[in-house]
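So the structure is just underneath, and the comments pick up after that.
Chains: A, B, C, D, E, F, G and H, in written order; residue numbering restarts at 1 for each.
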Amino acid sequence: MADLGFAQVDVDREGRQGLPEVVYGPGKTAPQITAIVTSLLAANSGPVLVTRVEPETADTVLEAVAADGGRYDAEAQLLAWRPAPAGDFRVVVAAAGTSDWPVAAEAAAVASAAGLDVSRIDDIGVAGIHRTLAAAPRLHAADAVICVAGMEGALASVIGGLVAAPVIAVPTSTGYGASLEGVTALLAMLSACAAGLTVVNIDSGFGAAMAAHRIARTRKASS
Amino acid sequence: MADLGFAQVDVDREGRQGLPEVVYGPGKTAPQITAIVTSLLAANSGPVLVTRVEPETADTVLEAVAADGGRYDAEAQLLAWRPAPAGDFRVVVAAAGTSDWPVAAEAAAVASAAGLDVSRIDDIGVAGIHRTLAAAPRLHAADAVICVAGMEGALASVIGGLVAAPVIAVPTSTGYGASLEGVTALLAMLSACAAGLTVVNIDSGFGAAMAAHRIARTRKASS
Amino acid sequence: MADLGFAQVDVDREGRQGLPEVVYGPGKTAPQITAIVTSLLAANSGPVLVTRVEPETADTVLEAVAADGGRYDAEAQLLAWRPAPAGDFRVVVAAAGTSDWPVAAEAAAVASAAGLDVSRIDDIGVAGIHRTLAAAPRLHAADAVICVAGMEGALASVIGGLVAAPVIAVPTSTGYGASLEGVTALLAMLSACAAGLTVVNIDSGFGAAMAAHRIARTRKASS
Amino acid sequence: MADLGFAQVDVDREGRQGLPEVVYGPGKTAPQITAIVTSLLAANSGPVLVTRVEPETADTVLEAVAADGGRYDAEAQLLAWRPAPAGDFRVVVAAAGTSDWPVAAEAAAVASAAGLDVSRIDDIGVAGIHRTLAAAPRLHAADAVICVAGMEGALASVIGGLVAAPVIAVPTSTGYGASLEGVTALLAMLSACAAGLTVVNIDSGFGAAMAAHRIARTRKASS
Amino acid sequence: MADLGFAQVDVDREGRQGLPEVVYGPGKTAPQITAIVTSLLAANSGPVLVTRVEPETADTVLEAVAADGGRYDAEAQLLAWRPAPAGDFRVVVAAAGTSDWPVAAEAAAVASAAGLDVSRIDDIGVAGIHRTLAAAPRLHAADAVICVAGMEGALASVIGGLVAAPVIAVPTSTGYGASLEGVTALLAMLSACAAGLTVVNIDSGFGAAMAAHRIARTRKASS
Amino acid sequence: MADLGFAQVDVDREGRQGLPEVVYGPGKTAPQITAIVTSLLAANSGPVLVTRVEPETADTVLEAVAADGGRYDAEAQLLAWRPAPAGDFRVVVAAAGTSDWPVAAEAAAVASAAGLDVSRIDDIGVAGIHRTLAAAPRLHAADAVICVAGMEGALASVIGGLVAAPVIAVPTSTGYGASLEGVTALLAMLSACAAGLTVVNIDSGFGAAMAAHRIARTRKASS
Amino acid sequence: MADLGFAQVDVDREGRQGLPEVVYGPGKTAPQITAIVTSLLAANSGPVLVTRVEPETADTVLEAVAADGGRYDAEAQLLAWRPAPAGDFRVVVAAAGTSDWPVAAEAAAVASAAGLDVSRIDDIGVAGIHRTLAAAPRLHAADAVICVAGMEGALASVIGGLVAAPVIAVPTSTGYGASLEGVTALLAMLSACAAGLTVVNIDSGFGAAMAAHRIARTRKASS
Amino acid sequence: MADLGFAQVDVDREGRQGLPEVVYGPGKTAPQITAIVTSLLAANSGPVLVTRVEPETADTVLEAVAADGGRYDAEAQLLAWRPAPAGDFRVVVAAAGTSDWPVAAEAAAVASAAGLDVSRIDDIGVAGIHRTLAAAPRLHAADAVICVAGMEGALASVIGGLVAAPVIAVPTSTGYGASLEGVTALLAMLSACAAGLTVVNIDSGFGAAMAAHRIARTRKASS
């Protein structure tokens, strides 16, 4: 543990879980993020990530951190240093609509930085089921699928029935009215008729990527 | 209006809406149902229906009502006198799972008694999307589809995208936990990405049948 | 399907459902909307619509799309190209209060563009039941009624009892406190004592118009 | 105050509020009710009431209480001693459907026992608006209206717009699914577009009667 | 009825309910309010009120309406023409805390304009019960009490037990966290242990004033 | 820790927290309870308690446990061995109504068994505020007050303002409709205007007693 | 697909997902279960499972199904034929309390029948954190952890931070009051501060086992 | 009581509860706060506090209040005059994450000003349970612990099991999606498996400090 006063940085997490602590950006100032990142870079050798960072904060932090190689992915709002090289665990991030794009981007960027082999399929919501089915071959080839969908979240049910691989469903706050800012998609995914789906928090592309990372480690552990 | 004291029977509804008032059974005693049915049979010439009637109550009422021709459909829990002859408006009642059976049965029985040409397709939930797609030809042939589904209710989204006909979605209280006794399916169907779906109350096979009856009248009105 | 990278445009929907895919504006940039519209105009022959578009975005898109004949309805926030000629299916859009105006406008504009014969009746909420009843003759003449109401949504119950035609209820987020941003009207309409009402999502004038379009096709299908 | 150990009977309420404390039956044993009633009869001169009493408990209590003149109204589940003579404050209890009967009965019985001049109009729900309007003359003649309705509770909005007198709305737990055991009617009545409606707890015929009693006292106070 | 196109002004309400229709300001433009006010002033002789009007809109409307005598109460956000002379029905508006001030102001201003004899007691929340009790004499002298409280709304329960007069409870959105923007106070007031309380919508000072106006008419009706 | 297979009994809790683990009865069989109690009696020297035990289960367990001195309090549904001698920390358990009796009984019995000096005041709800105030001297003499109330839970706000001692509020599921089975009282107590109230789970007399026990230890720790 | 009339058995799921369709027992009659099981046994070669079967139904079905080797696990309420031989994927089912036992039993029994190498650790809730930590070595040795917890569900957060393997959290309906029948644990697990947890439906031991099965296949797929 | 017109300042609270009324800043103007503070300073001799004050308002008030010695704590948003000298009651404010900082700061500042001996431990959330355990010695030394946590609030359960002292849990609105702005942490803390935890309103650092102050007085009372 590194005690920064305002934060107890969990510098040992890399040893425990194979990835250093990921920093959640909102509510932290640029100097705080800089201090934490610096501490993590010093104490670990793996990827160092900060999620949900606004562009201006990102610029400030990138300049302030002494280490080179930091990169900001504006679409995913992710700051990353020392991303892991791509391994052979194939994750497909499938999104129902174009509005789910930012969440899918976060999932893909974090999973990539953690060393997974990521590809994306966008806009395959079930209202055009042939679009969904057209994606089936790519979905079947995945070691794990991250399914990102708002509104009624039905894409998760269909993909869950199509593939044998783990499916991690991410409800998004896309939609209005009865969509209840993602709660409807969340409840629907948890109630899905396809067996063995698992679900993470609303809009948590990050959580889904980390779940995929845990699964990928399982394979490594066995070899 | 016929004033029975405990009830003001809306005996003019047949003239106004093409079908006499349908009696909602729960909370009414057998003698009350008998009196209302007798009043409706006398004042109208069309079908007289009582929904959600327990078998014993049904027996008592059937004996007590003077008119012949009453019939009890145990599966649908429907009492009916003078069902309308089947017209040419084809309604398909599609249900996601076997647990949705009673609601689908009510929808089918009421729609039949109202003179629609009803057929049923059961157990075509989207976890086995090929089952759903196998039903597509029958769904395409329908003038209207009543889609009955619990849990996450995703069947409505898929059917809504497949067919051009009106789709009336009935959420059911099937499921547990996050299904919230039908509320999740209700919210999901209202949030569905397929455009132009409409939704009725949880478990209301009756409501869906009546909505289909209104649509069928539209066609008649135009000819 | 037309793959624009960020979107899989469902260009075949016109064939399947009688109307090309309608584009939901929020969250899409002007260039994205332009690309999708261009793709839809090329691949279809029917109306091309974009809902909930802000005026400035509308201006940009109208200029950028090569095809002529685009029109922006500011009240309904609708962009439309190649609206369908008015058919003979009469839809009345009835709204309870002046605050429900924007939702009623969207319903009317989309239904018109889809070829329905639309008229509007505004501000006939049930607190002045004589206002509601004064509208009865126009309501009776409709092939379908779209009923737009916020607060407690009681207009739907009254109209549902007055007319024999299909009634599509649209709850609006009008009201405050216990109105819960439209959820109360939504629940009330689903619980309505008038049989055969159907309901769409909160504020979804678009959804109601599409439901009416499905019903109108039913008549066409039969002739 | 009379201290019975398990209860501090508020024997002074008659002086303070014009009516002795009314006893809420559920959760109290027959001996407890007997003791409280005996205490209230001794310390006051006005009506003594116990609400929501099961028939068997009622029988036991009636036998055990020494005072004569106790009466049990099975429909309203009300035990009453020394009901007040009917005054000239006219309350109409209007109920939407036959299932609202028990709540309307409680309202009427309590209001009667408190000395109001009560009449009832049943089954005038707005799905048959002509039924509602047919009751208008009787509603106009009331000094106050208690409006009892479940499901979507729209009767309160219509009556609120029809009459100038105070309207006390009682939502009932009648209905299923989206009616949410009375919560929908409650929220709808609170959101009603008719100005100056007031609302009491779900199924609380008792509460509505007491509110009417407070209003009736206002008139007395002024004369 | 006066048909302004965008609005059906209920000009007959004065005859029906003793007060012309009150205009709800939010969502209406200054010209719309001007037109409605002009129409109401012409067709009625009583007070004409517009609630929840922002200062700038108020200025514009006051200038545009031809009739003299309009007045804007900035605290209550109320525009009023031809307020009724104060009658002899005494209403006390009691508020729990200083944050409830705006809602109490609206209640008082509307009640005053409707001809009630209004006085206010502020900041008598039950955490200092002696403050509440100190107000008892003034509360006892009222013909009706409007009780305005947020957070847990307990003031309504205490006042309901203190006075015999009608108590109209107005929950406010004051508070944070578990106060749920007024829903907690609303539910608490509906559940209050004091018998015969009635409740209006969250923050609806207007609704409470209109309820008091209905009660005041009762007395008049009887004399 | 004692491993019973189905349970890991936390036999060290007495050392850690001054009271052995208290056993929650529901869902455990009589033999399971017997085994856990036997294990706790052997490994500790303080009171051993089992909450919410049905009478028959209690009888079976009392017979099966070898140790003497077990006692069953039927009102509180509490099984206890080796209750602690009464110390000098005075806890008053104040309950709003007679229906709150069982929860108050559990709080009192557990607190007593834990060695607190407990007394009870029942039926002092705020609808009769003079009843509440009459209890003030006894409330002022307490070292801590446990306030048990259902419905709107306003008693907690009033007591919180009256006394300087810690007030632990226990919402109960007493009430109906808008009381939402205790959720309304829970939210109201958390929103209470009296500063420094704390709240435990609905109906958790046990939790309140344990909180009082923690506070009592504070004093001991200091002496 | 095998069409049994009342059910479309998805006999091809074994090919698609490596395990035949699992039958959900509730709402199905013994003859229906028998027919489905017979159909699945005939069309597949892998395990055939029926969940949540009451003992009497289980007996009837076991007798009626022609095939030998069916077994009923009463604790898990699972009927199973042809369980898969244990592979080398180690799943630990960790439960917080003894009341979570039935859900943990279902998870363990289904995972076992699907060929996973299952062990259980019970009663290690975080109120005795040393109990939780004592289980750490066994948790570290797992390829995946199924974490079963009700009430506040905190065990999932702690285990999620301890191990690097996939953690599948199952909220249970254990608890009362604010536990909201499992909804609180569900929401808490979804909000957990430990990264990469995934969650299944309330009480769905089955869903967690199937998720583990999907993960185990990932490893197989890679070898 | 001091009547300022807009406020009835409870100047006697110091005598009743050992601390003058604390002023809640939001919704009050600088002149209002100044008047109240002046009134409290004059009528009492103890600390005078205003919570949740914006910096600009604080500056204005500090200048306007005649008395010296006022201090603004920007982190805690607290204005204080005449803070009490530190006593010997040790309170530890433990926070789960850096985002909980402002709430922890309010708790610490108010408790300090009220004369408690406060220290803070930040960022010891249970996802790194070793961080939590490292804090155990400091937690054990506390007379009371204020536990501040958002998201799933699991820190309260763990600390509740670790220490014997009173634990006051403060849920925060930290988190997103299923955290429901603090409601999830609130429900989880109320459902916590550790016995004797108590809970205050979401984000109410103030409420927790006042609860600790009540407990500290208990000790004083006994000496």
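Odds and ends about this structure:
Just so it is clear, a residue touches a chain if its C-beta (ideal position, glycine included) is under 8 Å from a C-beta of that chain, and two chains touch if they have at least 3 such contacts.
What you see is a predicted model; the values in this text were computed from it and never measured.
Common neighbours of chain C and chain G (chains touching each): A, B.
Fewest steps needed to get from chain B to chain C, stepping only to touching chains, is 1. Of all chains, the one whose Cα centroid sits at the greatest distance from that of chain D is A.
With centres computed as the average of Cα coordinates, no chain lies farther from chain G than E. Taking E-F and B-G together, the chain pair joined by more C-beta contacts is E-F.
Distance between chain centres (mean CA atoms), chain B to chain F: 51 Å.
Between chain A and chain G the centroid-to-centroid distance comes to 26 Å (mean Cα coordinates, whole Å). For chain A, residues that reach two or more other chains under the stated contact definition are 127-128, 162, 177-179, 183, 186, 190-191, 195, 201-202. By the definition given earlier, chain contacts exist for A-B, A-C, A-G, A-H, B-C, B-D, B-G, C-D, C-E, D-E, D-F, E-F, E-H, F-G, F-H, G-H. Contact residues of chain G toward chain F in the complex are 98-99, 101, 122-124, 127-128, 130-131, 134, 174, 176-179. Within the complex formed with chain D, the chain C residues making contact are 96-97, 125-129, 132-133, 151-154, 157-158, 160-162, 175, 177-180, 183-195. Against chain D, in their complex, chain B makes its touches with residues 1, 5-8, 10, 12-13, 21, 24, 26-28, 32, 171, 173, 182-183, 186, 201-204.
Residues of chain A touching chain G in their complex: 16-18, 22, 88-89, 143-144, 162-168, 186, 190-191, 195-202, 206-207, 209-211, 213-215, 217-219, 221-223.
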